[in-house]
Amino acid sequence: MRARRRVFELLEVAAPGDRASRRVDTALISLIALNVLATVVESLPAVGGALGESFYRFEVLSVAVFGVEYLARLWSVVEGEDPRYRSPVLGRLRYSVSAIALIDLLAILPFFLAGLFAIDLRFLRVLRILRIFKLSHYFSALEILLEVVRVERHAFGAAFFLLGVGVLFASSGIYLFEHEAQPEAFGSIPAAMWWAVVTLTTVGYGDVSPVTAAGKMFGASITVMGIGMVALPTGILASGFSREVDRRKRVYVAQLHQALEDGVIDARERRQLEGLRHDLGLTAEDVRGMTTQRRRTDPGRGTGKCPHCGEALVPDPVGPGSGS
Amino acid sequence: MRARRRVFELLEVAAPGDRASRRVDTALISLIALNVLATVVESLPAVGGALGESFYRFEVLSVAVFGVEYLARLWSVVEGEDPRYRSPVLGRLRYSVSAIALIDLLAILPFFLAGLFAIDLRFLRVLRILRIFKLSHYFSALEILLEVVRVERHAFGAAFFLLGVGVLFASSGIYLFEHEAQPEAFGSIPAAMWWAVVTLTTVGYGDVSPVTAAGKMFGASITVMGIGMVALPTGILASGFSREVDRRKRVYVAQLHQALEDGVIDARERRQLEGLRHDLGLTAEDVRGMTTQRRRTDPGRGTGKCPHCGEALVPDPVGPGSGS
Amino acid sequence: MRARRRVFELLEVAAPGDRASRRVDTALISLIALNVLATVVESLPAVGGALGESFYRFEVLSVAVFGVEYLARLWSVVEGEDPRYRSPVLGRLRYSVSAIALIDLLAILPFFLAGLFAIDLRFLRVLRILRIFKLSHYFSALEILLEVVRVERHAFGAAFFLLGVGVLFASSGIYLFEHEAQPEAFGSIPAAMWWAVVTLTTVGYGDVSPVTAAGKMFGASITVMGIGMVALPTGILASGFSREVDRRKRVYVAQLHQALEDGVIDARERRQLEGLRHDLGLTAEDVRGMTTQRRRTDPGRGTGKCPHCGEALVPDPVGPGSGS
Amino acid sequence: MRARRRVFELLEVAAPGDRASRRVDTALISLIALNVLATVVESLPAVGGALGESFYRFEVLSVAVFGVEYLARLWSVVEGEDPRYRSPVLGRLRYSVSAIALIDLLAILPFFLAGLFAIDLRFLRVLRILRIFKLSHYFSALEILLEVVRVERHAFGAAFFLLGVGVLFASSGIYLFEHEAQPEAFGSIPAAMWWAVVTLTTVGYGDVSPVTAAGKMFGASITVMGIGMVALPTGILASGFSREVDRRKRVYVAQLHQALEDGVIDARERRQLEGLRHDLGLTAEDVRGMTTQRRRTDPGRGTGKCPHCGEALVPDPVGPGSGS
């Protein structure tokens, strides 16, 4: 199926030199951006009414393109390298419930649902803003962030649980103290939760805030707790980020050591290492340090030079002058 | 005492395969969640009055269950692996003053106190929200967070002390500058503390804020200090988190090296290592890197392969495809 | 000068077992706390007038005690271990301009200045709050925080400079955009700085905020800049904290290796190491990991056990069961 | 061209001992500071009108000095050590589009543009605040911060993209929920973006905030998202900062090992190492630890002393008592 193979390549992020694929990428990214822009602009009272017809036509066109794209991806996914999606039926089923495919589906489904059910049109129009997530196909820098969140999911879960406990504790307490002084803002625990969340996240709108002395004392201790609520995910993320980069470096180092078994890095090995480096999202700076690090760890090779011939024992895998 | 042993197992987090224990866990977690929900819902003016009787009956039921649970835990704790709680009398006494036992006691005590003393009923009702902390029995991901806080307690104490000094300094200063312009908000240092805490935690409600030029200049410098107040615990937590994970990795590595003494990890060793990994809260990703790391540190084993037989010197302790 | 030596010991943080010195510490700490409390309470309108005379008497007493303490410290400082303060004249001069001595001086000077010049009494009273900094004598956990700030002072300086540039940029821009719409809040660049600082520190009181479309667009980009302003010191602190602990660990490890030269840690060496650990502010958990770490780095000692006799090659320097 | 060489030296940050160059630095820094001050002060309504003439004369003088400085830098840049700027024509062209040269140009260009076009004078006056960026010539501590931002640019880009997606998502959602209740604040998605940005950055002015129950529930979840938006750049920065310092340490260590090849660090090598350390922005504390670290990593040199002669194997590169 050479045609299916070609469709797959066109839809994927363009390989270097594949100008047709790059044009498809550019067209789809532009269409996504235009859709988001249209949703935002259409919400302007002065614009929405006057140009409603044009917006509708653009919507139909967009759904058509995204629909064809969705079907084409579903058809051609078996050509990819991911073994999970290789089998004709099961592979396509698996793909259709993957996060990225569901995003693509969500981008077109509301349009068809509106034909079947009587849904508020404004709600449907605003739902189109979710099409921005289709950009995930093209933005690989997001991947390392999402990986950190995935690896640290238990820690984030615990932080989230603590936030939930904190909101319940803060809203119950402030309800007790401010209930009588401000029945409109703190008349029940659910009502007080608005203040609790806004305070614990250190946003602090100030539309409601305690007025009694006891309420202010309790509220002050909650603002201090809020520092902790902000510090927790930040600390987890900072630590997780360092560890994720370390982890990726280790994968790279393992490959580097294999390439170094014969003592030199030839052109083919350097290409492979550079490819791996891009896949891992490591910068040239991250990698350039590695041979130095190996030198330091390897006691027998203290200076990185062979004591017999004076050659550098560990060649630089990036090569001179490579920017990023 | 086989019965006591069984009660202990039922109350602990269920071992894999122990379906009765899992059902007990689910029932208790559900009851805790229902109690929290009841407290929140009962505070709604429209609900509290109409269904007061039903809520009271649910409260009696809950206290009965939690009371039985408390006594059962106290009775069966000697069956656990913790040597501190092994002795029949002293062990149970030690357990009864542990944090987790006090939380369990706090969940039922207010109900009985209300019978003895004339306490504001609303206060008692809201106190039931603390039952949410009983979930700590089941949420092991919290443990690593609390461990970081415990290890870094001196640093957090210093940060807290600095916050206290900052609040005193900020409230005294703003009292001087704004005292005459806004006697209702900054009429005394205790009154000015509300502004000081809200500013230093960067919450910034805006219900009170300086209006004089001098007060604004002083207030601006306090907001900058506030950045530091937020940065301190975050920095401590981020650094502490990294070190705690490193510490746990070292424990794992020591065990790993012991398992590797004979050069292979057999099925029993792999099971042990996986158990340890779960206890330490390490992810499969954390651990998978370790053998690579050992490879890198071990100069004589540069490539991780035996130079004689070509076998991998350091087998992967997790085994292929293990997700989390 | 045995008397001078004894005075020095009494004023310093008490050595274990020196009950007289501990009583002096407790008395001084209590007096500082009472002074801070007095300043706060005296600012209450209801209290200040009625009890003015008593507060004044307490002030005279406090200044007398703190004055004697200041002179005694200046007299006895030459007995300390710090070589800078050893010489009778130059050493005392050097001490008198150290941070801690200036804090002590600042705690008593205002009282005497009030006798010489006609200064606003309320200002002087509030200045007494600065006596809280005298607690620095006794709170050693602060020391590691201040050391991190000192080591990273260049980075913090750069962050502070960027904040200054940000404030100038933000206030100039918002002045341009909001100058005409809100002349009372954004009538000049200095006036607009209040908004700029409050926004860049993410406090956001909301007493002034942009109302024009252009001003809101500019303001939104400034709030995003604010995230960076908060992130910079936090990142510096988190990184600096990790490095400071690493640095202290290296000092400890150097000592540990020296103690381990003969392969065992005897009672005297363990006492020395524990003393060093306390001085460095390292926890038992930080240190317990170190011998494991050494084991891992030392390739010849893979399992930490002697291959000949089976003894642990690297004994635990903390000893079993030491909590903190 | 000895004159050109001298001009280059005068304009660069003064070498130690070059008093004329230091005076030029001081004069230019003072002029920049005065310009910033003039811009700020001139915006005061009471000042701007009365002293307009004097401010204009100062502006002409400043532009003259900065213009001469700009041309002198362009003329003398070929004398520098940067190989990119060495060639007479191409080097100067390359320099003229470098960031630092564009800042210098931006500092004088508006003055001349005002002569050619009819631009709002107030706008031009405020633009002079950008001259503060000319201080980048003299503030080397900024460099490491900017390097971290440069190296982590992909991660920051991803965080920025997520912020954009978050703003679109938040503003679309709140538009749906609050559109009818508050048509003046949430009348369109662009209008709602103001609330979205202010909330996601946790600034929270409170000038607009949701009032409906659904809006508050949605808004609360957005404030929680805001914690993540603040945590992301902080985590990236904290991790990036640690890695950048590690990277610079590795460069230093490589040089250190080379100096140590003969086992001693002589006076010339120590000078070189100190120069490198300053260029890398490492503190004496960072570096002093390194020889200890090497000692630890080098198994054959466990105690850092030669087993034959007892001399320290790794001399301290900083020398005793060097403060910073």
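Lettered A, B, C and D in written order, each chain numbered from 1.
Here, a residue touches a chain if its C-beta (ideal position, glycine included) is under 8 Å from a C-beta of that chain, and two chains touch if they have at least 3 such contacts.
Only a predicted model underlies this, so the values are computations on that prediction, with no experimental measurement involved.
Chemist: Mind listing the chains that sit against chain C and also against chain D?
Modeler: For chain C paired with chain D, the chains in contact with each are A, B, in label order.
Chemist: In terms of residue-numbered contact pairs, which of A-C, A-D or B-D coincides with C-D for over half of them?
Modeler: That interface is repeated by A-D.
Chemist: Taking only the C-alpha atoms, how many degrees of rotation bring chain B onto chain C, rounded to the nearest 5?
Modeler: Nearest-5 rotation angle for the superposition: 90 degrees.
Chemist: Where the centres are mean C-alpha positions, what is the separation of chain A from chain B, in Å?
Modeler: 27
Chemist: Between chain A and chain C, what is the gap in Å from one C-alpha centre to the other?
Modeler: Taking the average C-alpha coordinate of chain A and of chain C, the gap between them is 39 Å.
Chemist: Got the chain D residues that touch at least 2 other chains?
Modeler: 202-206, 230, 234-235, 238, 242, 297, 299 - these are the residues of chain D that touch more than one other chain.
Chemist: Which positions of chain C touch chain A when the two form their complex?
Modeler: Where chain C meets chain A, its residues are 202-206, 234-235, 238.
Chemist: Which bits of chain D are touching chain A when the two form their complex?
Modeler: Residues of chain D touching chain A: 151, 154-155, 157-159, 161-162, 165, 168-169, 172-173, 175-176, 179, 187-190, 199, 202-206, 209, 216, 219-220, 223-224, 226-228, 230-232, 234-236, 238-239, 242-243, 246-247, 250-251, 253-254, 257-258, 261, 294, 297-300.
Chemist: Taking the touch rule as given, give the residues of chain B at its contact with chain A in the complex, in rising order.
Modeler: Touching chain A from chain B are residues 36, 39-40, 43-45, 122-123, 126, 129-130, 132-133, 135, 139, 141-142, 144-145, 163, 193-194, 197-198, 201-207, 229-230, 233-234, 237-242, 245, 281, 283, 285-286, 289, 292-293, 295-297, 299, 302-304.
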